[in-house]
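Below you'll find the structures, each written out as structure tokens.
The following pair of complexes shares a single chain, chain A, combined with chain B in the former and chain C in the latter.
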Partner chain A sequence: MADKKVGVLACSGEECLGGTISRLATRRVMEKLRPNRTVTLCLPLYIAGGEEERNFAKEYPVIAVEGCSKHCSTCATEKYSGKVHDIVDVAAILGEDVALAKTVSARELTEKHQDMVKIISREICAKMDAIAGA
Partner chain B sequence: MGKTYAVLPCNGLDKCAGCVTREIALQLSAKTDNEIICPVFYRVAEARYNRLAQEKPLLVIDGCATRCASKLAAEKRLKITERLNVSDYAKEENVTLGAGLSLDADALGLVRRAVTKLLNDSEKDNARQMSEVDDFFPSSLDYEIYKKDKFIFRLPTNEGFYFNENDVWAYVSGNRARVGVTDYVQKSLSDIMFFTPPAIGAEIVQFDELGVMESGKAIWEIISPVSGVVTAINEKLINAPEMLNQNPYEQGWVAEIDLTDFDEDSDLLHVFDGYMSILKRKVDEYRVKD
Partner chain C sequence: MSKIKIIPCSGIGKVFGLMAREAALTVTDKLCPEEAEIVCLAHLVTGEDEALAKVKGLSCVTVDGCSALCAAKSVEASGGIVRQQYRSVDAMRSHKGKNAGTGTALTDDGWLIVDEIAAEIAECVYELRKEV
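Let's look at the complex of A and B:
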């Protein structure tokens, strides 16, 4: 089960910083922390996409990474594909004030932002490992 | 930057180009009063952005050929004022975007140039709009001719003309198109006696009917080459449909349309060379039947 692939779906939102953190944390997991076990989809494509994307939650246990309480990723997954297995909620972990702050571009990212990304990516990994160990 | 946009990036997360769209949108909004529409949240909560998308000119930034942002705009029936496809722009700039999602120096350079370009284009656009009334359509057209027996078929060679296989042309500039029929139609119908225009404000999907023409020989539906909203009709044709016979490319134009998704429409259209071959074949077959 250790190599069980898990779907990680970031909200990638532009409404607030939480969306940016969700996006960067998912990328960190996918590129660095669990590169061979992470399957992701681009959420805008997922929503606009065809049947092959619609099987995502049926083929993989999905962890939705939400920037804020709107839970766009969970809503989209449950509307188009199936139940999400777990949720990482940036607002719940880092606080609503942080999650709802203004979104930032790549060149405005500070060390503090990077630390936030690390916290969320660790949380994603913990949930992935829990799924793998189940 | 005089003009401010509502910016709709695709915000993709599976290709570097998607990450570039996001970065361009953020840098544009940091430099000016542009406001970003989140493509995901827009689908979930339409009301959040509807007013913004209707009040401000819309800039759509797609990452790749899937064009998720353009498709979203078309789905919401938004009028696109400006668009940028990052993959195409990267090719123009000779930049190879990396396989990873991190923005390297080349990608960040591309972002910087795209932002500068869009800001400059916007300034030029403002100046153009100040002077623009009917500069939209070329003041004179260049034609190439195909002659068969005594019949002469003209086809405009100017850039911006597109044709469907139903013998209808669209001249496209920015987000606007003028539509009419080709010489093949008016010569096949012979003397056109009646013209029924489409309704102004009608929402047309590519290949929908865009008015009807009638001659002594036949009734002929004009099949729209583009999707969009009809903004003007050539009212002169109602009382003088013979203008369609005289010159269907200039004074005999049919309607003007604000385009909703020309990128997608263009997949099913021909430019001059492609349609000229079709025209020749049709003319040859038509004469053989005679």
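Let's look at the complex of A and C:
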């Protein structure tokens, strides 16, 4: 079970900082923390893609990484594909004020932002490990 | 007067999605903050009424990374009027051999190409605003 692949689905929202953090944390998990166990999908492929994309939540346990309390990743997954296994909510972890702050370009990322990314990526990993150990 | 809606795909798997996201942010934050605003694509994908109201019947410019055209298709499905589509993968064609970076970070060349895309989009935004 330790190599069980998990779907990590970030909202990547463009209107607030939480979306940027969700995207970067997911990328960090994919590239550095759990590279061989992470599968992901661009969220709008539920609309633009086909059956393969819509089977995503049927094929993998999905962790939705939400930038704000709208929980778009969860809503879209459950509308088009299936139940999500767990949720990492940036607003709940870092605070609603942080999540809803103005989004930043990658040009303007600070050490503080990178620290937020680390916190959220560790949370994603903890949930992935819980799934692997289940 | 309603601002022109800019919707990037923000695709997570490849550099093209990051380029689309950054080009859109450059337009709405730096080049045309009074004329254009970014709309969260993930919210549109949910199909919620509140999300659809952000684009329905309004002039939109989509910035996709690849040929899947996630942003353009989602905006159309949401009732938005796609006045112009951009694809960062197309912009890469005139920069053959350049390494733009990854889905996490752009190289200096990547940023140069993003700025070119953003300048094109900004020109489009000004043209569309003349029509309103």
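Methods note: the second predicted complex is superposed on the first by the 133 of 134 C-alpha atoms of A that agree within 3 Å, B and C clash if a C-alpha of one lies under 4 Å from a C-alpha of the other, contacts with A are read in each partner's own complex, and residues count from 1 in each chain.
Heads up, the rule we're going with is that a residue touches a chain if its C-beta (ideal position, glycine included) is under 8 Å from a C-beta of that chain, and two chains touch if they have at least 3 such contacts.
What you are looking at is a predicted structure, and each value in this text was computed from that prediction instead of being measured.
Superposition note: with chain A as the common reference, chain B and chain C are in steric clash.
By the touch criterion defined above, A:Glu15 reaches both chain B and chain C. In the superposed model, A:Gly95 makes contact with neither chain B nor chain C.
Once the two complexes are overlaid on the shared chain, A:Thr40 sits against chain B and chain C alike.
In the three-chain superposition model, chain A touches both chain B and chain C at residues 10-15, 19, 23, 26-27, 31, 40-45, 47-48, 70, 72-73, 75-76, 103, 105-107. Contact residues of chain A toward chain B in the complex are 10-15, 19, 23, 26-27, 30-31, 40-45, 47-48, 70, 72-73, 75-76, 103-108.
Taken in their complex, chain B has these residues touching chain A: 9-15, 18, 22-23, 25-27, 30, 36-41, 43-45, 66, 68-69, 71-72, 100-103, 108.
In the complex of the two chains, the chain A residues touching chain C come out as 10-16, 19, 23-24, 26-28, 31, 40-49, 67, 70, 72-73, 75-76, 79, 103, 105-107.
If you check the complex, the residues on chain C that touch chain A are 7-13, 17-18, 21-22, 24-26, 29, 38-48, 68-71, 73-74, 77, 102-106, 111.
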